[in-house]
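Next, two complexes with chain A in common: one pairs it with chain B, the other with chain C.
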Partner chain A sequence: MGLKEKLHGIKEDFKGKKMAPAFNALHTFLYTPDETTHSGGHVRAVDDLKRTMNTVIMALIPVLIWGIFNTGYQHYSAVDAAQGVIREASLFGNFFTWDNFIMGAWTVLPLVIISYAVGLGVEFIFAVIKGHEVEEGYLVTGMLVPLIVPVDIPLWMLAVAVIFGVVIGKEVFGGTGMNILNPALTIRAFLFFAYPTWMSGDKVWVHGAKAAEGGADAISGETILGAYAQNSSVVYDFSDKFFGFIPGSIGETSTFLIILGGLFLMFTKIASWRIILSAIVGAAVMGLIFNGVVDQGWIGEGNTFYGLMSTPFWEHLVIGGIAFGIVYMATDPVSGSQTNTGKYWYGFLIGFFSIMIRVFNPAFPEGVFLAILLMNVFAPTIDHYVVQANVKKRMKRLKLKTA
Partner chain B sequence: MALLSKKDRGLLLDPLADNNPITIQVLGICSALAITAQLKASIVMGLSVVFVLAMGNVVISLMRNIIPSKIRIIVQLVVVAALVIIVDQVLKAFAYELSKTLSVFVGLIITNCIIMGRFEAFALGNKPWRSFLDGIGNAAGYALILIIVGFFRELLGSGTLLGFKVLGDPITKTGLYAIGYENNGFMLLSPMALIVVGIIIWIQRSRNSALIEEN
Partner chain C sequence: MSKDIKIKRGLDIKLVGEAEHIISDAPRSRTYVIKPSDFHLVTPKMLFKEGATIKAGEPLFYAKKDPSIKFVSPVSGILREIKRGAKRVIVSIVIEADGRDTTVEFPMLDVNTADAATIKERILESGLWPFIKQRPYDVIASTKTEPSAIYISGHNSAPLAPDYNFILQGKEAALQAGFTALSKLTSGRIHLGVAQVANSVFSKLSNVEMHTVVGPHPSGNVGTLINKVSPINKGETVWTITPENLAIIGELFITGKFNSERIISVSGSRVKAPKYYRTKIGAEVSTFAYSAGIEGDNVRMISGNILTGNQVSAEGHLGYYHNEFVAIPEGNDYEFFGWNKPVFNKISSSRALTFSWLFPNKKYDLDTNTNGEHRAFVVTGNYEEVFPLDIYPLQLLKACMVQDLDAMEALGMYEVAPEDFALTEFVCVSKQPHQAIIRKGLDLMHEEIG
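Presenting the complex of A and B:
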């Protein structure tokens, strides 16, 4: 008797019992259940929730692998830099090395494991208490969470934040598919406001920097946004920024891989191209406005905002987490706008606000997570007005017809 | 308790749980969010409201037959304002530091919906003794939630309770801080008070499903 039959047997044994959802979840995770729809006519499609989630995870794998190598790379290059050696990034020379991989995997994989163990644990508990099936909702969140935090975040903080995010961000609203806010971003927002010293500054982005703080072998690594916000220049050239040889949250550094993931998601129709496109346009518009202000000479070089305002608008899209946010977070179908017209507005405003928060608020070095959370809240409002506009249009047409 | 009849006991005890002004009637939320970052401030705020509401209820109840109904709101405001000024002056005289922490929120007890709500709903139609009990009960229900919220916010946000470092010293790294624990800064921000109140409401309603509103 194979594993599959055994699981079916266990499922039958536990039917109607309290722990049934937990076993069913394991079962569905490994195999497609033998259940079929019982009645009525249905739209037939293969893309169920599980497949949707797995597609997003597939799009995230390259970013995760890059994040692992980059964690090691940033650590060793920061150690070199502390001794006065400036590294020139080369993909196979000093990036894809065993040292980098081991260092990175040792730091990043515990974050992934904690994120999944705690998050799925909460989902299991809620499913058992409420007596519904465990939903696949946490699969993507659990992968996103480790990718949007700094490498050295203590594991217990991550665990606390995941519990908070899953319970307050999702379960209180009724679980998967009912949440107003993106749970992964809720978790990040919680970490950001609860433990700001671990979420920003120039010590958290490189593994080991916080531990070595103040010592003889102190290292640091500032994100590019952090450097620009202080009007200082950065040593990275454009290809470093585009391909991701830069410090930052684990998953967001490589814009190149994020673009590939985004194309994959758009091609498989998981992510809405409308949101992605309009978010890029929104960010570019805000960036152009700021560039225009600088070009007009309205603010001088001494101005606090000069560094970020004078950053060319296309560079804004490459640095920081905005690309990651737009591709993987803003396109969350649950918390985003549902109507097509609404999606354009929703995406545009995300891009627009991201750059605005990034430039104007020195306390929030990266604004994209706040912008997406803000627009999550407004998404139903946008949808409401889109639907009302349509109703009004059709009423008018009806009146013309009957008049 | 032979001291109080069953009805009177209900007046006193119902608002503590099943008819709590904050979690059930959702009144007085603003001050619950604003001043609960520290347990001490929550306790003092709770006591102030107990005093103002109990005294105010008695005064309004005594005057209930002579207040013209057209100007009753003005009369109520005058009564509350007088009582609040007494509380404010007492705090300034005997607990100056604390009154600076509470700052404008003592004055804003005037606008606390619970107070006007009890005047309107209860004191205008009941005798002084029952109004007094009702005032104590409702204000105690309010104070109870404030204290629960203040307890968690101060404990998790600052690692202290009433100013005592119960979790150890974050600077010299003793107690819990020695093993890497850190204070949760989010707890000190008002949104977290809202979330804590929300969690209390959630727990209360899932324990007693009769409290869940139909909609």
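Presenting the complex of A and C:
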């Protein structure tokens, strides 16, 4: 008797029992079920939710791997810098090294494991209690969460945040497909407001910086946005920023890999190109407005906003988490706009507000996650007006006929 | 004189096992069955008891709500059995054919001179009225309302669908009589959608407004034609009828008899010799299925189209409205890592390691596996890619699920039928039963408003 038949037997045993969803969730990972069509059409396309989610995860893997190496790299280069040694980034010279990998994996993988274990645990419990199948929504959220937090966040904090995010952000609304806010961002927002000292400042972005704070061998780990917000000079050149040899949240640093992931998602039709494109346009427009303001001389060099306002608009797209947010989180179909016309507005406003919040809130310079959460709330409103246009057209037609 | 309608959004599902253009006579069926469930929302009132002798074209039962709508026997013989289900609902009516085909005869009627009342009366008493369907609600047309227009699609773009130009060969006169007759029953026009006017059986028709509909499926759906010509407004009623049934109505006026003959396509990857068969409405499936040959036993047999038809067994019978039979493999098997490995042998509307976009002309051998489990709606934007109507499909489906009548009405529920959602159902990542959702929504509206 093969594995397939054995598992089928267990599935039959579980049928109708409380734990059935839990077993089925594991079973369907190994085998797509033997379910056949019962109503309507007799054939179905091959895409299911697992495949959809899996595609997003595939697009996230390169970013995760880069994040692991970069965590190690940033740590060692910060340690060097504290001793006065300045490093020149080189991909195979000092980036893809065994030391970096071990250091990075040792810090990042626990975050991934905690995120998945806690989040899926909550999902399983809810599925068993409510008697429905375990939905795949958390597969992507679970991967996003470790990528958008600072490296040194304590694991218990992450666990608390994940429970909050999944229960309050998703399950209370009815589970996957019903939530209003992006669960991954709900988790980050919770961390951001509950434990602000762990989420911002110049000590959280490099592994070991927080622990070494105040000691003799203190190391710095300021992000570029932080440096701009302080109006201080930035030590990284463009290729560092673009390819990602910079400190930051684990997944956000390499704009290059994020662009590749975004192209893959758009090509596979999993992510909406409408949202991505219009978000980039929106961010560029806001950036250009600020650049124009600076060019006009309305904002002097001494102004608090000068640093970020004078940043060229295209550079805004490369630094910070905006690229990551646009590609992987603004495109969440559940919390985003659901109509094609609405998606243009939704994306544009995310880009627009991201840069605005980034510039005007120098204490917390990362605006993209607040912008996405804000637009999550307004997405149904956007859709409402888009759909109403269709409804009005129908009413007008009726009036013409009856008049 | 034809007008062009171009459809961009849609999907042609190309499947193996298309019927060859050959017509064979199916062996005569011993029994014929009429299933009241084919006539949605009709409660049958029987006119005969078991054991009665019936002529072809003789009414078997009428609709409880409107006794003038009669349903007739396709053959002559003995009413062998009235099968009943739970709460004594009539499930099926079995007629044992005597092979003599004694048919009820009506005097011939010249449709060009006859008036509307006579034509309507003749269609009703001959029991052919059920062939005429109406929208809204996608049910048998009400006898009380006059339709603002009549829509007919002479182009079947569904996968494995029979070719109208082939099955209606030689029926031009009957079609013309049908068109002329129906044109008197509406103050509006009769709109006919065709793939191309030239070389089609419809090319020489008069009394009809011709539209060329170009594009992928559902370009041949009558719902698409209605939406592109003149979408149905609240309070309006339009009629729809399929060309083969229109020809039957036309023949009634020419010959005075109900001709229950059907030329059906027998197709699908599990049919050994896919081709056309000449049979009758309600005939036993085994007569033509086993004549064409069925491969293996793990086979899904479908009376009707692969996207909209009903599952039948070999002992089952051809549905009243159906003119095709399809046999495809059952997909009741597990697939190892079916959700993440690259897929070449199934159709997908995305490119998520699915490669059907690389081979637009490849014909696929799909089985009945759902390729995933039922989930909440998550993905957006993919229905719109295959849905050409000026309606928001996701929003309408959700309105149906929460039974919000106002929203259903505002979003265009009057314009749709379940078959319009066959493609969104096909591509649905969450494997939601779109057609069933729409059917339930329509029924609710019919009950509350209609």
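The rule is simple: the second predicted complex is superposed on the first by the 390 of 403 C-alpha atoms of A that agree within 3 Å, B and C clash if a C-alpha of one lies under 4 Å from a C-alpha of the other, contacts with A are read in each partner's own complex, and residues count from 1 in each chain.
The definition used in the following text is that a residue touches a chain if its C-beta (ideal position, glycine included) is under 8 Å from a C-beta of that chain, and two chains touch if they have at least 3 such contacts.
All values derive from a computational prediction rather than experimental measurement.
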Which superposed partner A:Lys269 touches (first chain B, second chain C, both, neither): second
Which superposed partner A:Glu136 touches (first chain B, second chain C, both, neither): second
Per-residue contact with chain A, leading partner among chain C and chain B: C
Partner chain in contact with A:Phe190 - chain B first, chain C second, else both or neither: first
Touched partner set for A:Pro154, first chain B, second chain C, both or neither: first
Which of chain B and chain C A:Arg51 touches, first, second, both or neither: second
First (chain B), second (chain C), both or neither touched by A:Val172: first
Touching both chain B and chain C, residues of chain A: none
Contacting residues of chain B [partner chain A, same complex]: 180-182, 184-187, 189, 195, 198, 202
Footprint of chain C on chain A - complex, ascending: 4, 7-8, 24, 28-52, 54-55, 133, 135-137, 174-178, 267-270, 272, 274, 333-334, 336, 338-340, 343, 383, 387, 390-391, 393-395, 397-398, 401-402
Of all residues in chain C, those that touch chain A in their complex: 13, 15, 231, 233-236, 300, 302, 306-309, 311, 326, 328, 330-340, 343, 346-354, 356, 366-382, 384, 390-392, 394-395, 410-412, 418, 421-422, 425-431, 433-436
Complex interface listing, chain A residues touching chain B: 154, 156-157, 160, 168, 172, 190, 193-198
